[in-house]
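Working notes, structure below.
Read from first to last, the chains carry the letters A, B, C, D, E and F; within each, the first residue is number 1.
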Amino acid sequence: MRPVFVLALLCLPQLAVADEAVSGDTAWMLTATALVLFMTLPGLALFYAGLVRAKNVLSVLMQCFAIAAVVSILWVIAGYSLSFTEGSGPFIGGFSRIMLSGMTIDSVRGSMPESVFVMFQMTFAIITPALIVGGFAERMRFSAMLVFISLWLMLVYVPVTYWVWGGGWLAQMGFRDFAGGAVVHINAGIGALIAAIVLGKRRGFPTTPMPPHNLPMTVTGAGMLWVGWFGFNAGSALAADNAAGMAMLVTHLGAAAGCVAWMSMEWLRFGKPSVLGIVTGMVAGLGTITPASGYVGPAGALVIGLSAGIVCFWATMLVKRTLKIDDSLDVMPVHGVGGILGLIMIAFLSSTLGGLGLDEGVTMGQQFVIQMIGISATIAWCGVMSYLLLKLIDLVIGLRVDEDQETEGLDIVLHEERGYNL
Amino acid sequence: MRPVFVLALLCLPQLAVADEAVSGDTAWMLTATALVLFMTLPGLALFYAGLVRAKNVLSVLMQCFAIAAVVSILWVIAGYSLSFTEGSGPFIGGFSRIMLSGMTIDSVRGSMPESVFVMFQMTFAIITPALIVGGFAERMRFSAMLVFISLWLMLVYVPVTYWVWGGGWLAQMGFRDFAGGAVVHINAGIGALIAAIVLGKRRGFPTTPMPPHNLPMTVTGAGMLWVGWFGFNAGSALAADNAAGMAMLVTHLGAAAGCVAWMSMEWLRFGKPSVLGIVTGMVAGLGTITPASGYVGPAGALVIGLSAGIVCFWATMLVKRTLKIDDSLDVMPVHGVGGILGLIMIAFLSSTLGGLGLDEGVTMGQQFVIQMIGISATIAWCGVMSYLLLKLIDLVIGLRVDEDQETEGLDIVLHEERGYNL
Amino acid sequence: MRPVFVLALLCLPQLAVADEAVSGDTAWMLTATALVLFMTLPGLALFYAGLVRAKNVLSVLMQCFAIAAVVSILWVIAGYSLSFTEGSGPFIGGFSRIMLSGMTIDSVRGSMPESVFVMFQMTFAIITPALIVGGFAERMRFSAMLVFISLWLMLVYVPVTYWVWGGGWLAQMGFRDFAGGAVVHINAGIGALIAAIVLGKRRGFPTTPMPPHNLPMTVTGAGMLWVGWFGFNAGSALAADNAAGMAMLVTHLGAAAGCVAWMSMEWLRFGKPSVLGIVTGMVAGLGTITPASGYVGPAGALVIGLSAGIVCFWATMLVKRTLKIDDSLDVMPVHGVGGILGLIMIAFLSSTLGGLGLDEGVTMGQQFVIQMIGISATIAWCGVMSYLLLKLIDLVIGLRVDEDQETEGLDIVLHEERGYNL
Amino acid sequence: MKLVTAIIKPFRLDDVRNALSEVGVSGMTVTEVKGFGRQRGHTELYRGAEYVVDFLPKSKIEIAVAYDMVEQAIEAIINAARTGKVGDGKVFVTAIEQALRIRTGEFGDNAL
Amino acid sequence: MKLVTAIIKPFRLDDVRNALSEVGVSGMTVTEVKGFGRQRGHTELYRGAEYVVDFLPKSKIEIAVAYDMVEQAIEAIINAARTGKVGDGKVFVTAIEQALRIRTGEFGDNAL
Amino acid sequence: MKLVTAIIKPFRLDDVRNALSEVGVSGMTVTEVKGFGRQRGHTELYRGAEYVVDFLPKSKIEIAVAYDMVEQAIEAIINAARTGKVGDGKVFVTAIEQALRIRTGEFGDNAL
């Protein structure tokens, strides 16, 4: 069996050229790449677009599409190189793959063509900023959004990726984040939270009701996310092997348990379970199992999924009802809190309940400390940088549409289109 | 080439650990698993949800999601073990994998990690009860639904799976059901028919028209089902080999021929072909080719698809118009009848029209008898158990919402949500 | 590494039986087949259906479904054989696989089972005529459509496929069309353009506005097309190898650059970018990179994508505003022009900007001439044949619904169904 | 001529239409409206955000009838629309000064 | 002031609006309604379950006009809406007792 | 009794409903309509095909009130609906000759 911590190994560039691509692994990684892109387009785009009001449906879809396009180009220009090639230090990668220079059709990384590794990682770089859209939905200017996301990608996503997966200081410390609890979910959650705070509430929040305009659309997106997440987590094994199989199994169980937990919380607390609740529990379960999906066993996955459903449920209540922060589509309480929770539980479930073991000589307590360092560093860096970026952009070009435009809706105002002519 | 009857071989536990996973086979089975989950979420959920009235759209989506979550958990707790490990007799499997105990990351089944086999089969265990939703749509209480499906899974789906695929009495007898004519389609069809009868008609059926509220949604789901079905049938070869390729080809031809046949029937009988007709023909073709997809050749597949379109068309007329049973989304006439038809045609098309052959020394007549035994046993067991379960649940907690609630719609009444705010 | 020009090799029948299928390659090709079918159903169907008026939504979905069904059957009867088996000359293939005769479960083509190759190519034969639907949307009779598409498949698609991929005269000349610039996109674009001209404008075009009835549906389809296109182009490598990886990478970059270019054109010209614009740019980028996706490097892909966005943008303006041709969903300016552009750029980007090289001893200028010959031949053959077929069908059974029917909408008139009952 | 406007529960629409046909009213125009009144709306809940929906779906039926048909029409509507539960709706009668059939230009009672 | 209410075929709406603008009617309110009348509806068929749709989509136009404009407005509507086929619709005229413009508080004919 | 019909901007609906409740109007019927008037519509652009949308979404509120409530109701509507920008809408008053509550058969002011 191949080792679980393949990502770390892949960072050693000398290995990269030696190998030949294995067709089975390549087949799976091509598929996994397609699945992760599918999570964003159309998965997440629909999930989010269904939750906003009809007058803003296109603005959300547009943001997801534009992010996918712009991030892809930035990724090949510099993002990949700075994330995944050896840098001069522990904080940022090197320049050897700027514009993918030096990568030929024969380049191999691990057991797959390097082109596939570039693509697979690109899909992660796409979905992370796309998740942030939920924080500033229904009020941000499109141009400001493009500028913010581009800078955020290079200044937040890329360095954190290098720290965790590119051989940077967190990787060296033994920080465990299999498929992106810190890199993807904390980053997205904190980015969204800061955006929600800096932009301020939507007009009328929280007194005016803003019910989802199309829940079947949201559920459609949710189904796609569940399926696509197999590529996300089982793809993070970087091979079609037993580690991938186990990652898929625990991922699925995390989702299922998250569904059941959130549904039960609603049933207990409000008397009725809702479809928005069950899909939110699913996302919480998936986000929470993500960092742990290469380390825990099936029983651990059930524990993680159930905890995710309960903890994220309360976090949502807290942010929305108590703090009254308009993180409009609940990115922080679901993804951010889920990511944190999952990263913490790794310490305790890697070597219990059928987990696959901690590193030789590392105790639960030690791992817990390492995990807390990684979590804190990600929150701090992402929080500070997101705040500075948003404030800067607000000064220079302005973040929000004006009141009348917000009332009329972003679709007409920013894109001169309407979602529906039924 | 690997043998076609791999499932039967996989039941011998001693083989399971000996092998190593093959990366190509694992890659395909990971993909096939994602495809089959995709069939339910969002495929089948959308297919069904588009067919009900707008006030019940969420209830259907909710049922599919909740079934996916609950079945997944039940499957790892006990369903898998009782279905696919050696039992003490021919009727039910054993306890060696309860809570997946004894399965490690290194466990292999056939040429794939056992975790992948568990997951692949789980997706079948999810879609079968989800199909039943069509029988009791728009009137069943959500809590009663959860109880029914959970018990039905363990008391109907699990034993029949063991009989057919787990090495039970039907497998030993030589019963041929490649990807689930009896296990999936007859079980679902009979379960839905009994539910429709026990719950009774929807208020107003059949005098009040209840047209689909969103046919594009249904067609979207249909497209997903077609694509996902490749995972279902070609995945049932349990490897990325020639058998899988042939299974995909015949599956596709079954679907195409089913489309053409149903469309033609409508054209002849009503003067106009309809989009609901063509997608129903597709499902009929797919359901019917399912059990046969590992045994017949392309010409046989066309025969099966055409027969499916014609026979299921008439079956739908019979159930709806003549018998006036409110099997609301026509699960029995399409899936149940299709499954029966396909299982029967196996006897005649396995060794003709390019079929891959019957077992050594078995004649068409003998195979026909075996097939009839398998069909009858499944119908009988599923029919009786479904009836008893439903009656019991009706007594204890009640199956249906009351009249006013049915008029108001399940979305508001059971879930406090509305599908659309356009 | 396997050679890039595998398709050409596969045409030598003697090779076909010698090999054994490789599980990794088979796994990827099974997946790629599913992805390409997914592009049509539901991808393209939704993309197109969202763009028409609500009263015609089902007619478009129906056309896509019916095309998928009918083409599949024609493909196994004769299409595959005439496209991909050795013929008596350079213009049309042979009869050795009529009704797939002689193909057994053990047949292998390249490194995959022949059944998979048949299926993979079938999905191309499905999507090409389905693309034409955009040219005659909202006014063509369903029966005339079926007749036209069936004849068009056999008389246009099949011969051109043989010329380019089946070992015919263009293949022999060294014409480069990796995944279907001529076979798929020019054919579809010209077919649609001729259909638009022969059928004439929709009532009210261009004075009456005919805005898309459901843009989220179109965006959903667009996301599916993007993901599915990975199967289309990376699948055209016919193996899970480095060529496939590079094809996926350049495909993705073509799409991303197309998005950015079209968005920028709209921003510059109209002051606001639109979601329909960005997804149209995506399709333009994908269509244009398609023929080149096995030859160019990442930088070349960016150039292609950006050119596609700009050129196809202006082409759309030209056809719609200047020429006032009602190619209703812009098939010619997006697919046709994109295909031509991509085929031309192959000559210049195969050996520059990281391209994978021209054939030994071929200069850019020579390749350019070859490409122009292939483009011209496809346009001429497809144009003339499409025109003759349509005129003939118009004479015999009539192409268009009458004025009142067009006003009422095709869904009710042709299919007795309505899309929405919200 | 009078215009009889009835606001009713949507699921009674088919019954009302049939009842009207029986008394000889052969034309009507129906609008989907949202009603606010004594009948309590429902609560919707989205991730813990509560949303009280006061407006309920109703159908508004408008029929132009000759004077002598007003009573029968109202009778028919009331009988067919009544469920006896709050929210059954209202009937309003207003005067029409002139009516025309677009197709023929006929006017007055002949236009109906 | 009078309220002129016209029920027309939806695809004539743009023509009617233009015709009204030409005679000087610059404001109107349009509602999508379902009409029942002499014009036959269509049949829908879902997996063999037949469903006769009697209600047809119509557009209802409401315009408040001063007394002296009523004739011209009706004329304009009729000419623009007529196709000569059954189902072209009706025009009804009723009295408005008072009209107000919300923005300015103007009333009477000035409010229009 | 009078029928007070107000055409307002949709996002003022909740305010208007509250204002009406405060003055004691406890029932109303709301229709989503499209309005055409002085307020300019917007342009939509689809792949270069321009489309000027003249019709703007409006909400039409209908309330049947007793004579003595008309003034207050109008006042309440105007205050709550006014934004001061063009397109705020209109209020029309017409006469109701008879009103009935379907559930009870009550009529006149009691039916409201």
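Descriptive notes on the structure:
The definition used in the following text is that contacts are C-beta pairs under 8 Å (C-beta built on N, C-alpha and C of every residue); 3 or more make two chains touch, one makes a residue touch a chain.
Treat the numbers as computed from the prediction; the structure is a model and nothing was measured.
The set of chains touching subunit D and also touching subunit F is given as A, E.
Chains that touch both subunit C and subunit E: B, F.
Superposing subunit A on subunit B by their CA atoms means rotating through 120 degrees, a value rounded to the nearest 5.
Contact tally for B-D versus B-E: the pair with more C-beta pairs in contact is B-E.
Its interface matching that of A-D in over half of the contact pairs by residue number, B-E stands out among C-E, B-D or B-E.
Rounded to whole angstrom, the centroid-to-centroid distance between subunit B and subunit F, based on C-alpha atoms, equals 52 Å.
One simple way to say how far apart two chains are is to compare their mean CA positions; for subunit D and subunit E this gives 18 Å. Here the CA centre of subunit A is 46 Å from the CA centre of subunit F. Touching two or more other chains at once are residues 22-25, 27-28, 31, 211-212, 214, 220, 240, 270, 272, 274, 276, 416-418, 420, 422 of subunit B.
Listed for subunit E are residues 31, 44-46, 94-95, each touching two or more other chains. All chain pairs that touch, listed by label, are A-B, A-C, A-D, A-F, B-C, B-D, B-E, C-E, C-F, D-E, D-F, E-F. Partner subunit E is touched in their complex by these residues of subunit F: 2, 6-8, 31-38, 54-55, 58, 60, 74, 77-78, 81-95. Subunit C meets subunit A in the complex at residues 1, 22-25, 27-28, 31, 35, 53-54, 211-216, 219-220, 222-224, 226-227, 230-231, 234, 239-246, 248-249, 252-253, 255-257, 259-260, 263, 270, 272-276, 278-279, 282, 298-299, 302, 354, 356, 420, 422. Note for the complex: subunit F touches subunit D at residues 3, 17, 26-31, 64, 94-103, 105, 111-112. Residues of subunit A that touch subunit F in their complex: 208, 407, 412, 416-418. The touching residues of subunit A, when paired with subunit C in their complex, are 21-28, 30-31, 33-34, 37-38, 40-43, 45-46, 49, 57-58, 61-62, 65-66, 68-70, 72-73, 76, 99-100, 105-108, 112-116, 118-119, 122, 142, 214, 217, 220, 240, 414-422.
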